[in-house]
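Every chain is named by a letter (A, B, C and D) in the order it is written, and numbering of its residues begins at 1.
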């Protein structure tokens, strides 16, 4: 028996659940879990089913293609470890959280490599027997530096997700297009507030009573793209902006790990500038 | 066109979604929203669909009965205001929150009456043109007092829910059986901690850093039954137990109103000692 | 014996706690609670003490003036009900929450009046025996309309706070200057995100996973000024912007009532664009 | 110039702040931060000041002893790294979080050793160059096993805190007495609910909608003692007890690390069965 995750997004029309569940029934597949959502505003239908049974993947895909509207998104995924690359600059907390979870067997992922523009986390990462690749931006123009990263990434084989675990350099549109829908970022703020540099200083200056973090896909520039998860903590007048930053790190790492887990389990649909999460 | 909420709970078996969605399809019904859950431990299937189309309610029920396993729970509900009675003792906050929401048209409910064992909230409730019925427990034995309440309730016509909005008297099993699955309570604690009298004093004595509230159905005694909603707030050493109580009231009223809204929208399945909430 | 709240803000220098506590000691005053904070960045010292003893208020003020740096803020407040005016447009939830708390005796406040640019909440407010003053903006220029409100407010005697409980008209700088440091607003967003009109629609369009509310003093325009309290709730893809708005109301009313309580108990120092809250 | 943390707990009486601040003033010490609290119920006074200036520690202690009531608790602490030992059984998450924070230089602590009754985390801990000591309980009676741990701990020099980072064996009163006020535990539940074995299973069976974790000092048995920090997350019907456990781990590690940080910074007073935290 095989287990599959079936992911469907389609223009909504009457009978979609009927048609899909019909296929599952006719092929004698067991539904382990099933979620649906219709976005009335955009008239989009989303469905995620976990099924098991005796069927070939391509046969199932073909059956679905036949009954679903043209141009539907149809994915049938076998649960297995995805290949991810982590990109960092100098901070250890988000990276460390992912490495410990990986060590604990909590993540459906192979960490193929950690890439950084500095070498200061190398000794830490090497403890975990994961390749650490330093690609310094020193003396390089932005595009030159990025080209080196892109080449490196392309040399690492099939990558499912690139996780920016506090990678503090701005990515160019070329980078984003090259790895479309594969880049996940943690923004140290509850977007859309405090876009840009040093959001904790901005938050402090504004005298806020909550600070937060946002995990999102990157589709245009570093601070935009569909939001996956957000969380906040309360602060008060006694917090300097450095205190906010310190406390914010706890939120950042939790939010990024939560978003990564959702992505690895194929629970996220991303469309327009939003996500549907099952 | 009619709109219905279809509520199904059944022993799980292969093809249930297929069978139900088949009926919707064949009767040309439009699915507005659809949620399913299978509890693997108890092998129970739950489904809530909101549909619209041209069909008679009894015809739809019959069609469902035909395809679903014997002894399935099948309800087809027309969205409309439910009849509720609020029971209180002396505190105004949870009651007041529901009355203001009712005034704002936020609740799918007719408030048939407020019943209390004291008259001190009468002038407040009468502002809202809602009958206030005082049934004093003074000089009465528990069962006598309760019998008077039961009679009063039975004289109020069809009641969908009895909401204990800080009703501080213990109910006997007879009361609970008479209004089975219809009684909702707000417990001023995050159950199962601090069952019993003055939970805020208990919480204070234990030196806790969070306090909470729990909305639940009453199926045995006042502090048990399936939990619908829970929420907490953080407290610190500067809180006396009276401060905790004061802060706790904010949580209590929010949690009770949230639970009531879920019940009025037919979103709660209750089984064993738990709830499934769509 | 009298009880006072002593509120001091001063440029920080060595010995301030010593000097103030010396006065309390020499006058044989009992300290019931005491909070201090030094903002290192601006070198400002803040202190709030609740004391009791046999002393005349002016004598205590004079003694403090003598030992504290020139230009210090020194307030000695007798705990008593403050006079507040609520301003609303059409929504009932924040207003209703304050009125019920007032009815419950929870607020250290007299609600002098409710002012609105519409009359639709009049029958609700009149239930609570509180004057409702409609000042329609119809056929009036902004400044004309506002002048009428200012005159009305000035005719209501000494007002400690004007609470904008979802008053949806923009106030001019003249209004803000007239009632400097007395205007409190609830913004239906976690500022500084989604400033301006319909923040729930903006939040929906951005695909956020949390929504929030911010209570703040108004010192320039409606969406700025020192933040007093903020809170959030989690939302998901199934929320339309109207669902967000509905859920947001619960946060709005809780945050506004929390901020109002802090103000009534003289717990807020406001300076630059921030608050210190004891 | 030296910096000290001054920690005072005393029976409350008039003039304590005056007397202490007098000493600071007379010795020309600068107060960097200052917090006080009086527990009216137990008539206890607590104060934590961070000061700097030219004074010998013992001189300052003597000056304080002279003015404070007999039997007061007086501590003058030089900020420096404290020695801690971590005890674990088999789970990596709480341990890993502390080790990564330690690596990041976030903790005012030397991790002297990790002690476990199993060897399965040895290779993980050794990555961080921290001694891992396995003391198996196999074939040993409880007291024998514990004696070996006590001896080992006593051989490790001065230990400030023993952190039970998911150590799953019950400690005897002898152990607790030997290291009085030095043992910190993370309980995988929001105490006092679900004391005892497998709280996640208990929570699941009760159908709760929130789960939590509690960090506390151990003064009697593993599940009691003054609470330092608590946090919760929301769960729903779709969570199996194993899902609850997985999600609970995120709360556990955050709460334990937060409590540890407070202890390392000398911010916790513990008395009766409660904590005052500045």
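Simple rule for what comes next: a contact is a pair of C-beta atoms (placed from the backbone, for glycine too) under 8 Å apart; a residue touches a chain by one contact, two chains touch by 3 or more.
The structure presented is a predicted model; accordingly, all values stated were derived computationally and were not measured.
Comparing chain pairs B-C and A-C, the larger number of C-beta contacts belongs to A-C. Chain C maps onto chain D through a rotation of 180°, based on Cα atoms and reported in steps of 5.
Shared numbers divided by all numbers used gives the overlap of an interface; between chain A and chain B this overlap exceeds half, so the copies present the same residues. If you average the CA atoms of chain B and of chain C, the two centres end up 35 Å from each other.
A straight line joining the Cα centres of chain A and chain C is 41 Å long.
Shared interface positions of chain B, i.e. residues touching 2 or more other chains, are given as 234. Residues 14-15, 17-18, 21-22, 24-25, 28, 30-38, 234 of chain C touch chain D in their complex.
Residues of chain D that touch chain B in their complex: 37, 39-41, 190-194, 205-210, 212, 226-232, 234, 236-238, 240, 272-277. Note for the complex: chain D touches chain A at residues 92-93, 96-97, 99-101, 103-104, 106, 124, 127-128, 246, 250, 254, 257-258.
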